[in-house]
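Look at the two complexes coming up: chain A is in both, with chain B in one and chain C in the other.
Then we have the complex of A and B:
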């Protein structure tokens, strides 16, 4: 490698500063001022056309100009400068639209409701003392534990079993995968109908309540308001089961089996206090993502060399043993990836709650709570605080993934 | 294929814009709001005569996410010309933050405006003596829906006092039926129906409107004996065995829009599921198809009964209020039109309309739907007598009005009358 002189070094630093800092800055400012002025003069529709034409031309000219300046630098430096030239604008955009809002959110979380005055850690004190916030955090933890666990468990079992099928594997897997193609909003709407409640004398349109009220009990015939041979059959007899507003039950006390439990016992008190509406909402997410996990796991299982499996079988290992000692260790990294993805998805979970209960009756999650504080209670400080909390929860996962990526590339 | 079309459209708008010259012909005024569906169609139709006359194009865009969107638009400075909020609290909030133009700057005759819409309504959109909000539509909440034919068939009479209503309820329970429909589940707003009940009772007990205003502004604590009395009366309705169809479980679990359905469904003996349903005028929009046409005839209303006979009749309601973001000439013209008595003419004649003008000079005979005539007259009378009061939960700070008040009413329904003190104390503590 040729030794560079001090002068050449200075020159290339100057040129890189000019090409990657000063020149684009002037360019962006020029554009910003131009468009600021244009919005005052010309109509909105025309502005869109202008922005498209001028904007793209500007970007072209910007790169052309940067390239021209870089051409002035010594040959050896050109390549790295050009690389930076292409990465620069993207980094700038990421900084503008990702880092800046993130830092500003953090800053606002220390300010009052209209972000006028500093309130110190008041918003954080609120986040960990307000009863509603505590319930929201509790729900978020329940969601994290149960949804991730069940998606992984059911996904693994389905992935493993579907691999053992002789025929119809593709069909079976596509059936399980199908909920993934439905949007969370659609899935929530479907489940809302499943859990639907109507006040008692009315015909139950929700499938669970429909079945519930049609169960004949204690020698009484109960029916979901069916007319048979011109005779009306209802469920208004006190012996019949009453419909239950599933998404409105904060605990199990309205369910007959929980009424017989002794509330003083340790296990039974947990059972009685199970937040059934939250559990039923988690079912929606588990239903949606199990298929995804199953398909990914199934692909991982297929990648296991047949020899290893056969060796295990020849050694007399049972199905369960093969599953535990070969399959699980072999697809460990796949499980971690799917698990990571699920943790992030649950932390961001918004649409299911937003569509089904909107957080009422202790079903809220952090993402919806963040929006509630912003628009319903108009408290920007608290809203930002909740956003920071979500970010803090995601942070270890980002760091963990980054570390694992580094290990993978090094090994 | 699409591009030439787009370009020619853009050119056309340019040319049209340029041709306007001095007059307001072709100027565009944008309004956003929370009205969607048939309400949106009605609101758009209201501007047809105006556009014909002045040439100003008024484009209204409704969104069920309006309240969030307008927050973001105000923060970013990308506002429409007008925003039509479903409650005046948001207008005051926006004015406090300096986003709105006072009506005085829009060349509105303020005395005339107060005269037309009552000083109470105008006061709701006023900050430090400066009027920012323009009253628009109103709805009536102090009403109880019932079916006269079912009442007549059983010899029941419409109650005019609370005691009569309770006596009637007991009578219905004794006859083996349920008197009330009551459902207050509502995604993200569960409990508001019970707060409405509380407000109606508050208006008719204590010192009537005076104690109501003190309660709203927190001059009276939330656990005051007057409020406690109101909660106790409400608890009588919610928790007396047999009063509510489906029992207390149904109160919490029933979506408010389905709450009246039992009234329309008859059991094997031909008895309806319930006889009375206290709910605002807009509930007709949630009724099953086939029942909507009967609003005002088959299913009609009686005023919420008086409780303390010494107090004057009062009416509880809600309403929309708009705020303007600039003082362009076209904006001024639209503002003036929206405050005129004629504004609702084109809306009223629509058979599916459920919105009522808050203008006291509005010709209520124009309403196509029979129920709207009844409701419109009641609102106009209450506004003129200054006994119309706005939904308290919408006027209280959002932490209370959209938070603890709703939530504790849900808890009260679940827990029973023993919970009243806890509920009121919790709400009092949550007041910022």
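Then we have the complex of A and C:
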């Protein structure tokens, strides 16, 4: 009798290893290898069809197979096996695709460019001394401060004001929210068209330069290459303003108002050294994410009990006062959540820079630098170091969220 | 009192501020959309606002850019690729996460609480932390102390690499969201089903899954748009150098930089075509998308 339980125990261990270890691994490898082979032998159009079929159905085979294997085990073990079967694949994939790589990235950051020898903190020394890296870190800080601030500010204004509207609220929010649905690549293309610069005799087709060169100064006819009554009006007159390559400007020295500033003064030196291309690129991200903040804030504002708002209004508080003393404290936790989201998003901002300037002209950000070191310069150690820097910046947020989550589950 | 508040609501300042913001937001798109309907020569000869002013715009409108980008420039192929990446990358994490969420919500097993905390914590591991080792894993496998656990796969540059990468990055959020959603389902219904002798599989498929459709839709919309609009993962795991491997975003990015010079008629029309799918999904499923977004406010 005892021996049989021993035997049953062995059997159930075997089955659980088969179901939870061996089978998922086979599933993973089979899918990967099958698809790799298919990629080589069949035509492209057929491959897309196969991709849709295989990709959408194989995951069900995983659970079906595990279920079939588990059915073989003795009944009393089945419940705990099933729980592990339900939760297992998710935990396995998180471990394999997130935790294992994160630890390995940390490890690689202490090795040289080919991951052969340990170099100690050499990569970190590089990260904080290399001039290009220093500019990247500076840009990242500017982005964090300005993008998060403006997204929260404009988001609050839109969320608060659209709530005051009698009609058309959904319409306004949809307009501001729309950029959230399109890709950052598309958004960058849109703004590149606005900032577009062409060397002088050519027509300016970007609207900022277009307005700039059409400004009439001192009675000169400044036209953006327009033909009026058969007469061609260009902007090559020396009295007309010259167009500016906005994304090529790393400071303000080419702008007329900054030319007369004294670069030694504290405030004027900040103004002169303002990296205008970085500022203009931040506009793209603010444009994209303000709608998200507005929609979330608007939901939070709607949840404020009407009595509280009315009480403030009866007391004769001004609108600004109600906003400051009732709305802001009430949706404070929402502001923190959106702020957190924006900090993480800005730290991972990649597409905008990659598409518009490719990180050149002192516009680089950490995420772009990370990929550059990886695929352009093939220096894995440095690339991993930059990734670790991003992670370290996100770490306080992880801890904060975990603490908040624990408080939520306990309360 | 009522009249007093009414006066507030109708303050013209509110409307002026909102209309200004809305105008600022729509304006960048306006010239871009307009230019996508103008011939490439005209875009460069005359700015779009001058074309409106002189009235020439109405005579030159054309759809030729769209047929050129779609058929001559092979954007259609990139479209199919995008779907081959996006749809499995949405289905795989949802399925796996739904099972896990059920386990975390309704089943008892050892280490449930710490494991769930682990899932929550993994939400904010930035994607950048995983890229290098994942590329290496997909190329040459994993060895632990010299023991090969996963053999050399060499799957970088195939769709299957992007499915696994996107599934891994999307899973923590999906598990978290769906577990939250399932916790809000009436517990008594699920328990009575179990008492009636229904197995976990039956309860999951017949009862919990149909009740969780709203939660699943929220995450599905979010993940679909996220993967479709993603450029980084496509860039790393599919590459931008083989034209047959381009997805829509990498194709548009190639248009925006690359060898296309000043081909603004292709850049505009290409970017606009790429936006049609997400905008359609967004406007038809806006409710779900916003819920997914708010839930996923801290996705990694």
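Assume the second predicted complex is superposed on the first by the 325 of 411 C-alpha atoms of A that agree within 3 Å, B and C clash if a C-alpha of one lies under 4 Å from a C-alpha of the other, contacts with A are read in each partner's own complex, and residues count from 1 in each chain.
Criterion: a contact is a pair of C-beta atoms (placed from the backbone, for glycine too) under 8 Å apart; a residue touches a chain by one contact, two chains touch by 3 or more.
In this text the structure is predicted, and so the values were computed from the model without any measurement.
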Partner chain(s) touched by A:248 [first = chain B, second = chain C, both, neither]: first
Partner chain in contact with A:193 - chain B first, chain C second, else both or neither: second
Which of chain B and chain C A:166 touches, first, second, both or neither: second
Partner chain(s) touched by A:360 [first = chain B, second = chain C, both, neither]: first
Touched partner set for A:202, first chain B, second chain C, both or neither: both
Partner chain(s) touched by A:74 [first = chain B, second = chain C, both, neither]: neither
Which of chain B and chain C A:65 touches, first, second, both or neither: neither
Superposition-derived comparison: chain B or chain C, residues of chain A touched: C
First, second, both or neither for A:371, with chain B first and chain C second: both
Overlap of the chain B and chain C footprints on chain A, listed as residue numbers: 45, 198, 202-203, 356, 358, 371, 374-375
Of all residues in chain B, those that touch chain A in their complex: 7, 9-10, 13-14, 17, 67-68, 71, 93, 97, 181, 183, 185-190, 245-247, 249-250, 252-255, 258-259, 261-262, 265, 267-268, 273, 398-399, 402-403, 407, 410
In the complex with chain C, residue positions of chain A that touch it: 25, 28-29, 31-33, 35-36, 39, 44-45, 47-48, 51-52, 54-56, 59-60, 63, 67, 79-80, 82-87, 89-91, 93-94, 96-102, 104-105, 108, 154, 157-158, 161-162, 164-166, 172, 174-176, 178-186, 188-194, 196, 198, 202-205, 207, 210, 224-226, 287, 290-292, 295-296, 299, 310, 313-314, 319, 337-338, 340-341, 344, 347-348, 350-351, 354-356, 358, 366-367, 370-371, 374-375, 380, 383-384, 386-388, 390-391, 394, 397-398, 401-402, 405-406, 409
Contact footprint of chain B on chain A as seen in their complex: 43, 45-46, 49, 114, 132, 197-203, 232, 234, 236, 242, 244-245, 248, 254, 356-361, 371-372, 374-379
